[in-house]
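Please see the structure below; I have some questions.
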């Protein structure tokens, strides 16, 4: 479903955010992505979305080479991917409901169906009562849940979530991950970037560990604390 | 989505955005309105000025002076020849005494010149008014020549120098007006584009997000284009309203004043009003298109 | 912080912001430049027009006509009286034959009027040119009266109707120019304020953050005010440059044209140039102040 | 140091974010603030900062009644409080260094001192090498640490941090909390809003628990999981 071949991303300033990263994620897999602050997680996810181009290497998503994808095809790639951005990226001039149903709306869904779909999804993240609020009238955790609802609404083939529970307490996080598991069981490929080591350990799923832009671990055995710690120490993250 | 549904969606989104960010909308509309107000002001001025010059032009005449002591009863040939061409609008007769009186009134300082003569000192004449627009140069010259060759005619005085001067002045005024109008319209479009461009920068994040969740350029841009169109339309209507308000307010003052009295007597004609609002709408749309060029976001 | 240090800080911050958000800066500067270009254009037009009218006014004359057959050698009294007031710039003599020749040249159609006389048909005269600015109405009237009462003088023809008409025309043109200038300046300031207001909305988050970490209004606003000032200054300079460029480019064309030839011959004077740039700076500053009113943020 | 007397905050839409909240925090205390998403934590902190006015009630900070504080005095209140905002609130047109040293600069500190202070503080959060980057060129965790550095730079009398480690991994979070403890030991009053129950439990500090705008617990004994759970359940948070 998603393959990286020797992908390097160097920013104009010279910062190397990804350094010869290669991996493959099959259809229907559930993968955690972790690594210390500044390791390159968000950068990696942005390349999947064709938000940015790699400096070097090949990226295949859903069989399509996203590097050589013509501009006009990009929206269709993105429509097949539900994304929870680390900084939410809600549209401030649109209500919660309009934010969540943006994609169904421009896909031409009937307004009755939009309604059902939007409220159903908001209910799943516990925010149906905030449907008519604007993002700036929400708490941090509420904004994050709107972002999650927007990613789930279209039943995407791939779900990409960047630190989706950073502003949520344990119980809510559990529920959100339960949602991710549900959608995964229905066949969606899920990639979640997170700092939450306990959860990674408990889940026992496949984990990709980045460090200073390099992929230092790719395994699906439960990760030991001792195993994670050395690579998670700060201060030498490739600056 | 069908095109109809898409257009409906654009219009609705644009209207919502217009209201939700009414502060920026107000700014954009104000800017467009100000630009168009100036443009409309000049349009009105130019229209009135050219009307004035047309008025003057229509007073251009050919004067046929008869030999001294010619009796106006003996000049039928000249009269019918003078009245024959299509461009002639009227033929007035000026008798010798009338000519003398006019001279006295016009040149009081040398009035003595026409006094103390036995016969009338000035000849009788025909004043032929004509429509300069219908005149063909060649036929006109020929006609003048014929008139001049009549035995009773002493001199044919042709106002066309005057007409030519007016023609030139009109062309210059229109040219100047056109140049000015172009400068102002350019300024207006630039300003509108600036404002919409700023608005676009303001909503860049919003556009980025839409793009990231899979909106095609068509659905992304549509509402912004229509928003520009609404703003331009509104700006045009506001400008027209302000112009009309100003016109009505200034009207009583204008009656007392020479320049305003001749210049500011008619408001913009219907087509010009439509033009003004249309330019606003197009400018708003162009500004939106200009400001949303792909590389600009 | 001392005031000097604060001002240095403002200037530096403003300059940094100017460069870091060069796109919005460019828009603001463009808008100001366009507004001032239009303003400057009219200033130039008005200056040239009023100079032209001044030229015409300076050609106003008083003509003293002598009785027929008066010999110019016998009019010393009239000559010295005519030349005595401070506003008189020159006294020219026109002999009777000269007057006849002029009449023939000016009115060819009635040239027969001045032919076939035994004596000269037209009287000799003195043409007194004067500076209308130095004239005091009362003394002028008295002087005209004295001239008229001299036995050898038949008529004094006073061009002041003409001068008054010109005066009125000048005032109207100046008034119209002023009104236009005011409208345009208002439009310019409104536009500039719009743009800076939009910029302020754009940077509202930034300002909010500064306020939240403890910046006083003084330190918060300072850099924005100076940014507006820089933008206005730059806009003024760009407008001046464009105006001069346009002037130089149009100059050769102007020489061939009647209207442009008389209207577009001098560029803005130094003080006017300074005024233009100054208005830009003040407009930028005012725009920033206007757009950063507390309740506006 | 900070006292709330019967404070209620109702937003224009009718949402009651704080409901008759009263508590007192002494000078030099270290207090956790917790509660589920949308409980009113951020709202409470914003009232301390005089970012907003309460609908009803009295708030004293540092002996001053912030409700009746004249406008011109507000900046001086805020200068005595270091704040880490939940959404960071960095200034995008300023570099990391300029963001961190903004307050010292407008206070008129010499540029040499600004330099020392700025770099020293950035070093403490592990970001000295990013001093000249702009916020948008930083990862989520890096932005959060810049926000923390800005709050610490001026050695404030009060430190207010809203979910300061939501984008950081455990090791980094530990270091940040170590920093908070240090500054607390030097006499600063510290209030930290967080969802991190483990940390609250381990720290054994005083905890204020909000739920649906009401203060449902104010104690400094170690909180049992069972004690937190009922109030942290989602779905009835006062919408």
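Letters A, B, C and D mark the chains as written, and numbering starts fresh at 1 in each.
Note that contacts are C-beta pairs under 8 Å (C-beta built on N, C-alpha and C of every residue); 3 or more make two chains touch, one makes a residue touch a chain.
This structure is a prediction, so every number in the text was calculated from the model and none was measured.
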Seminar exercise, completed: Greatest Cα-centre separation from chain C belongs to chain A
Exercise. At what distance in angstrom does the C-alpha mean of chain D lie from that of chain C?
Worked result: 62
Seminar exercise, completed: Here the gap between chain B and chain C, centre to centre from mean Cα coordinates and rounded to Å, is 25
Problem set entry | Inter-centroid spacing, chain C versus chain A (mean Cα positions, whole Å) | 67
Exercise. What is the shape of the graph in which nodes denote protein chains and edges denote touching chain pairs (line, ring, star, complete, other)?
Worked result: ring
Exercise. What is the complete set of touching chain pairs?
Worked result: A-B, A-D, B-C, C-D
Problem set entry | Residue ranges of chain A in contact with chain B within the complex | 49, 51, 72, 75-79, 81, 83, 85, 89-93, 102-103, 105-108, 150
Exercise. Which part of chain C faces chain B closely enough to touch in the complex?
Worked result: 23-24, 27-28, 30-31, 34-35, 37-38, 41, 63, 65, 68, 103, 108-110, 112-114, 121-123, 155, 157, 168-169, 172, 176, 183-184, 187, 190-191, 194-195, 197-199, 201-202, 257-260
Seminar exercise, completed: Note: in the complex, chain D contacts chain A through residues 11, 13, 15, 34, 36-39, 41-43, 86-87, 126, 129-130, 133, 137-142, 144-145, 162-163, 166-172, 175, 195, 197, 229, 232-235, 239
Problem set entry | In the complex, chain C residues that touch chain D | 1-2, 5, 9, 16-17, 20-21, 203, 205-206, 208-217, 219
